[in-house]
Amino acid sequence: MIEVKKLVKRFGLKTVLRGVDFKVQPGEFVALLGPNGAGKTTFLRILASLSRPSMGIVDIAGYSLPKQAAAVRARLGVVSHLPLVYDDLTAEENLTFYGRMYGIENASARITEVLEMVGLEARRRDLVRTFSRGMQQRLAIGRAVLHDPDVVLFDEPYTGLDQDASSMLDDVLQTVAGQGRTVVMTSHDLARAENLATRFDILSRGVIAASSTREGLGNGNLLTFYKQALAG
Amino acid sequence: MTESTLTTTTHRPAKSSFWKAIAAVAWKDLAAELRSRELLSAMLVFSLLVILIFNFALELDIATRRSVTSGVLWSTFAFAGTLGLNRSMAIEKDRGCLDGLLLAPVDRSAIYFGKVISNLAFMLIVEAIVLPIYSVLYNTNLFQPGLLLVILLGSVGYVAVGTLLASMAVQTRTRDVLLPILLFPVVVPVLIAAVKASGGYLTGAPMTDILPWLNLLIAYDVIFTAIAFMVFDYVVEE
Amino acid sequence: MQAKPSTLKVLDVVSLILLGISTYLALVFAPTEAVMGEVQRVFYFHVATAWVGMLGFMAAGVSGIIYLRTGDLKWDRVEIAAVEISLVFFFIAIVLGSIWARPVWNTWWTWDPRLTTAAITQLIYIAYFMLRQGIEDPDRRARFGAVYTLVGAVSVPITFMAIRLFRTIHPVVIGTESAEAQGGFNMTADMRVAFFFALFAFTVIFVDLFWNRIRMGTLADKVEQLKLKVMQ
């Protein structure tokens, strides 16, 4: 579903990604882990078509970036640590707006469906301004899956959430992933990633340093694997 | 948390039409502004304050105001305009909404034109309120069709360049101060032509004197809308 | 560190010699103008520096467009070089013009189209540097810079036309003169020699400075690159 080959990203003279190879099968849930500054967000922004690769190949759902960006965008949902929703619109208006941007037909039925999924049906006519951080983040997820994308990218979705909000987000993430979607999530919260993902990739110094499926971890837990990858 | 029953084919986005996307962006801005009125009230109060300052700075008595009215009006619009443009783009940047817009499968220029329409609407609303107030305060009738045309043409040019430059300004460290510095030197032709044409209508100058300025305004509007259309990609894409 | 190309070294020397000859022609060789007296001699360098300012202005616009098309940071360095040279030479032209205008027009400054346009161009350049200063990412800095030079390059001629619709008192020495212009004069053959030689000399000086400045930008980038290598 996602295929990245020898991806290089430079910002001026600084090289952030130095030849990332990354392949995700349909339906996989990949947690992309790594220390701060390893290039996780940069990598995800490239997958999201928000940033152009300096070199290398990025194919998503059979379309290549940045050439076929519009086709990729139609099949892609993105949740970042910023909510990407407007404070002065209601939850419903936000989704209506994005529904129009994505050209979704029969949008109101779909909006109700999505609001139920993220547990905001009761607050649909309330301004986003009045929402808690957790509710805003759930709305952001609703926004991201509104057009029923094949691939969903999460960039540090737990940033700024308390325990309750985080566990509620777990449920939503599981629902999103459970609908046969391909998911890539960056996080520095190993425990959350361990519960959700089917595969763990460690990004370090601009390359994928190690990769393991859940089964491949064997007896050792994610933390040991993570530390080994960074040390090696 | 309810399990949703999804049929993966029904919601596959159709190719979103260019015009629909423009309308969606403009609608979103107007709906949000209608509710908060933050931007409009700031622009409006600021406009009135600028007029107040001009009133004392220039001593707008009956003799002088005939010659300076168009200058005062356009200075007011230009100053208030940067306030609105900055705010309108800052809203997109602050909550990451600009990324949200860029993630949609629509042409980037649709985002630009949507923002131009809403920014133009804000500008025209402020002008529509300032004009009668100014008319009452200084006992001059500003509601002449010719003058309204000039205001429309001038605002289009101002907003066409302003929206482009505001999109750049909000992405810099110095964004709060940068927009007027970027905008004013390149929008000089609009201000000259608009002041001259408005002044022409207000003093009852013959059409042959006003026409060159109208032509200049139209030319500027067309040229800069075209340029912004061509370069907007470079301003929002990475 | 690569050595300075020998062509450039030769050009440096030639520029200096040309500047010397041009100074001689302007201050000694050319006859004193009958009405204005010695101050008219400013004219040769005034026009020549304004000419270089124009060259730089056009070079900046063109390299901005090329940068946007190619995305090659080399053109960004060319653009900065052009803007800097144009900024300095327009400034010199304005100062020389003021020195001339004081006795001839009886004022340091008038809001004449050329003067005002030159001043607005200076403001655009200053805005250009302020814009660049506020951006960290070199690619974005280059893109925004190029977009702004393009906007400036198109607006400045329109500004000139707009101000020209007002009446002008700036003399037009070459081409037709408007009836209101003050301080115009007819050039004698010797004046022509000094005038065209100054134009030629300053064009060579422009090429020399331009080349040196581009080379400096390239070297500065190399230094940055080496610094980054050492730090990693």
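Just so it is clear, A, B and C label the chains in written order, and each chain counts residues from 1 on its own.
Heads up, the rule we're going with is that a contact is a pair of C-beta atoms (placed from the backbone, for glycine too) under 8 Å apart; a residue touches a chain by one contact, two chains touch by 3 or more.
Note that the structure is predicted; figures quoted are calculated from it, not measured.
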{"item": "Identifier of the chain whose CA centre is least distant from the whole-structure CA centre", "value": "B"}
{"item": "Chain pair with the higher count of C-beta pairs in contact (A-C, A-B)", "value": "A-B"}
{"item": "Rounded Å distance, subunit B centre to subunit C centre (Cα mean)", "value": "33"}
{"item": "Approximate Å spacing (C-alpha centroids) for the pair subunit A, subunit B", "value": "36"}
{"item": "CA centroid of subunit A to CA centroid of subunit C, Å", "value": "50"}
{"item": "Of all residues in subunit A, the ones touching two or more other chains", "value": "none"}
{"item": "Per-residue multi-chain contacts in subunit B, two or more chains", "value": "238"}
{"item": "Residue numbers of subunit C (touch at least two other chains)", "value": "137, 139"}
{"item": "Residue ranges of subunit C touching subunit B (in the complex, touch as defined)", "value": "68, 120, 123-124, 126-127, 130-131, 133-137, 139-140, 143-144, 146-148, 150-152, 154-155, 158-159, 161-163, 165"}
{"item": "Touching residues (chain side subunit B, partner subunit C) in the complex", "value": "161, 164-165, 168-169, 171-175, 178, 181-182, 184-189, 192-193, 196, 212-213, 216, 219-220, 223-224, 227, 231, 234-235, 238"}
{"item": "Parts of subunit A lying in touch with subunit C, wherever the complex brings them together", "value": "11-14"}
{"item": "Subunit A - residues contacting subunit B, complex", "value": "45, 48-52, 70-71, 73-74, 76, 78, 80, 82-89, 93, 97-98, 100-106, 110, 113-114, 116-117, 119, 127, 143, 146-148, 171-172, 175, 179-180"}
{"item": "Complex contacts: residues of subunit C adjacent to subunit A", "value": "73, 137-139, 221, 224-225, 228"}
